[in-house]
Amino acid sequence: MRLLFIGDIVGRPGRDIVRQSVPGLVVERTLDLVIANAENAAGGSGLTPEIYRELVAAGVDAITLGDHIYRRREIFPILQREPNIVRPANLPNEAIGRAWATVKARNGTLVGVVSLMGQLYMKPIDSPFTAADRVLSEMPSDVKVRFIDFHAEATGEAQLLGRYLDGRASAVLGTHTHVPTADETVFPGGTAFQCDVGMTGPYDSVIGRRIDRVLETRLTANPTAFDVATGDVRISGALVTIDDETGRATHIERVCVRECDVPRLEALGKRS
Amino acid sequence: MRLLFIGDIVGRPGRDIVRQSVPGLVVERTLDLVIANAENAAGGSGLTPEIYRELVAAGVDAITLGDHIYRRREIFPILQREPNIVRPANLPNEAIGRAWATVKARNGTLVGVVSLMGQLYMKPIDSPFTAADRVLSEMPSDVKVRFIDFHAEATGEAQLLGRYLDGRASAVLGTHTHVPTADETVFPGGTAFQCDVGMTGPYDSVIGRRIDRVLETRLTANPTAFDVATGDVRISGALVTIDDETGRATHIERVCVRECDVPRLEALGKRS
Amino acid sequence: MRLLFIGDIVGRPGRDIVRQSVPGLVVERTLDLVIANAENAAGGSGLTPEIYRELVAAGVDAITLGDHIYRRREIFPILQREPNIVRPANLPNEAIGRAWATVKARNGTLVGVVSLMGQLYMKPIDSPFTAADRVLSEMPSDVKVRFIDFHAEATGEAQLLGRYLDGRASAVLGTHTHVPTADETVFPGGTAFQCDVGMTGPYDSVIGRRIDRVLETRLTANPTAFDVATGDVRISGALVTIDDETGRATHIERVCVRECDVPRLEALGKRS
Amino acid sequence: MRLLFIGDIVGRPGRDIVRQSVPGLVVERTLDLVIANAENAAGGSGLTPEIYRELVAAGVDAITLGDHIYRRREIFPILQREPNIVRPANLPNEAIGRAWATVKARNGTLVGVVSLMGQLYMKPIDSPFTAADRVLSEMPSDVKVRFIDFHAEATGEAQLLGRYLDGRASAVLGTHTHVPTADETVFPGGTAFQCDVGMTGPYDSVIGRRIDRVLETRLTANPTAFDVATGDVRISGALVTIDDETGRATHIERVCVRECDVPRLEALGKRS
């Protein structure tokens, strides 16, 4: 199967390009499943029920989040009820949302979906290593394809988790830094890995925010509204090919959709 | 002119591939200047006089460092005396080493070399923004080509510094995370930018260190020796083309030299 | 002269006990000057012009702040205009507010007032050591009594700054942790020192906030409103005796005003 | 029963004053149990078997540690075998050492001993809240007196854990900042609490280390050997009175032994 993972969708620009491009991408790249990290989808921080539905309608089959997960209380019922959205599994047991989910791909394959957060340079949280062990053992053994979004800051921690899970997950793909890394690879055990798949939103920005605002605050300590930027909108993600029988990844490649690609993808998507 | 910047050289594997490949790269890529970050060159941490000389002999024209700069006291005299090695300019004034240097490229162009460190998720240090202003104003105005290694953890801080210096530096290229980012670009003002150019050393590792050791410590809290790994050695860096008259970058591309490239480069280098 | 420094005033409970008690404390303790840290005075975070005036009316002669200084934009004009309120001196030069102030004590002595912030475990900021040197050299040399509020997290950094400034400041007293330390002392050079003078506000709390709210967020990751608590309100501070001629401190003692002390202090204050 | 808890013993000066004073303190203060944090006992960092035995011989009945626990490998067998020394309970399950211990006090009462580490501004570690729940439920229910050393940086986290465990532990006393806080109290449920009991070692120092060395490194970024200081040695700790039947604390007071107290305590100790 072919799985596309879309990195942190930031604000309206990010949502717009997802809505315009994902149906066409499904056709163009013969995708069986689309997973997206939506922690910045609502005005740059958090997710709302409306946006959740907008993304699902656009062809996003499963959603992960990150440190901004609980920024909007309206999303709590969605986190509790909907079967295709997960919270980071290493949050406390009492945290709202499910620790893992399974979704069915277009080709009929069941896919386990997990979100984990890093500990280094993040808010205090329990070990993603222990949580990964727990979640992977809870999943039905017939779910061979297992996807993990590792929402983390430090490259060393991402690499270590990827190596730790090599052979036990089909893919360990990073989010949170909003910058794609050029290290996509399949580890020897069959786990596709990339430190960060990058951000889906405006690249004429500082990790999605208006440059002038972030700069003013940095130079003067004066707080400003870090509004979502608007220029040079892209989808950034990774496309992983996975053997459905074994759950082993066979290939990973970076995906970047730019504004100039949108008309073509829109046309492709409408025809389908 | 064409400038190659080589990311954090890690241990003997990193030094070996630099020594074997750089002379050939100079020929193959028609390089005018080679700058390298050598903060991990000595056993994974710091730099020694011998290794400094080894790198210079291999064709490295200027050297930057980072948080590990003072790990080996033997390097202090080199930092004080040699004209082609700089300390991070936002360290205290009293810190050993020069805050900027100029080196002459093979084509005769003078190039200013600066190192700065990030503040976010790093040890306390003064603002790299203020230090950049100071250092750039100290440099002779006829030094048009100005190179900055930004040794930093957080992508947002790297992007912000790059945008801040757009038009004032020829290149702002990152180091420290040991993972190359896929965001190389030339900003509108003519500054080449990349969050991190990646590590030069063993990629079958956790940011250069033995996987088993780092994993044991993470899983048990038991300290282990984080020895430099050995497998899948690469040079990772970026090649920037710069207009000598204006100092504006016109192009940037990622460079990755793998073990299979070494024989070809060695042959090329010997012929020169 | 006798100088009372009042630690972080938190919300209405903190302001109330200051208003009720400070006039009486001035009488009871024969105070020549009252300085207060007001960074949490407005609803637990920041300061407003009204609260600034309320505190001054209550007998607070000078005000320092901390990391929450710019939380309320309304305070900006006060920071720019009023002569008895300072911003942390190691913020960027462009930051709003004055880097130091002088105020006249009841006994006629001029007192220099400085605020500095720590670097360790705080948001990125320039060195308080360098900023202290700069500010102390800017102050007129006839200002012998020099007070420094060091708003910092780490005890080691506080002790180091205190030792560094020993003999150059009359007092280096800490704020920010909201817990008084039992280490008040006068260093050999004549600098009164205490890592933290503690918080002025509700002690039946978690550093001033409602226990139930902070606990829920910690246990579930669910964000809650960290409202200011209400029970067991205290003033916490330090009283320093200083030789006006030399600026050297001769004594420091912790001050704690509890709710049961308020009626007595109110009566004393009204009589004056 | 009366329990003395001695904060972080730092180097030889700390060990010396413990050896000289604890036997006398047992007499003078009619102590039933002495617990000490020894994470800095060996040259300022870690613990060795010899020093473990030295402390036990001096009258220390149980030992806790902290982030420096594994600095010396020689201590591993002691951590595995000895019944009166614990590792932080929120380290990974695989970490060497026991997660809790019970020791018998001089009056015959069994006392549970637990160490936990904070998450805020510390290296990544699992929740001390969850670990406290687990460890307290594992302890035999007839162990009514339960002591917890909370080795943490942030006051807010310490207060929150203390409030969380109020009524379930006899005492939650902090270590790690090396500065005693003036907030010792018994919470309504019967838990004695203090953010930090302070350091046992040289106070003419920066948290136990030579001032000149720490200052040089801070001002120049030049690493120096942070040797243990020598002047103004003190024991800092807290004395808690606990009802053996219920395990509830009834009183807590700070304890400070200074060099001038040593002759008296030595005489007292020898007589016993």
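Per-chain numbering from 1; labels A, B, C and D assigned in written order.
To be clear about the criterion, contacts are C-beta pairs under 8 Å (C-beta built on N, C-alpha and C of every residue); 3 or more make two chains touch, one makes a residue touch a chain.
It should be emphasised that the depicted structure is a prediction, and the values quoted were computed from it without experimental measurement.
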Problem set entry | Set of chains whose contacts include both subunit D and subunit A | B, C
Seminar exercise, completed: A student comparing B-C to B-D should find more C-beta pairs in contact for B-D
Seminar exercise, completed: Taking each chain's centre as the mean of its CA atoms, subunit C sits from subunit D at a distance in Å of 31
Exercise. What whole-Å value do you get for the distance between subunit B and subunit D if each is reduced to the mean of its CA atoms?
Worked result: 45
Problem set entry | Residues of subunit A engaged with two or more neighbouring chains | 92, 219
Problem set entry | Residues on subunit D engaged by subunit B in the complex (per definition of touch) | 69-71, 91-92, 94-96, 219-223
For this session: In the complex, go through subunit C and note every residue touching subunit D.
Result: 121, 129, 153-156, 159-160, 163-164, 177-183, 195, 198, 205-207, 211, 214-215, 218-219, 254
Exercise. Hey, which residues of subunit B end up touching subunit C in the complex?
Worked result: 92, 119-120, 124-127, 130
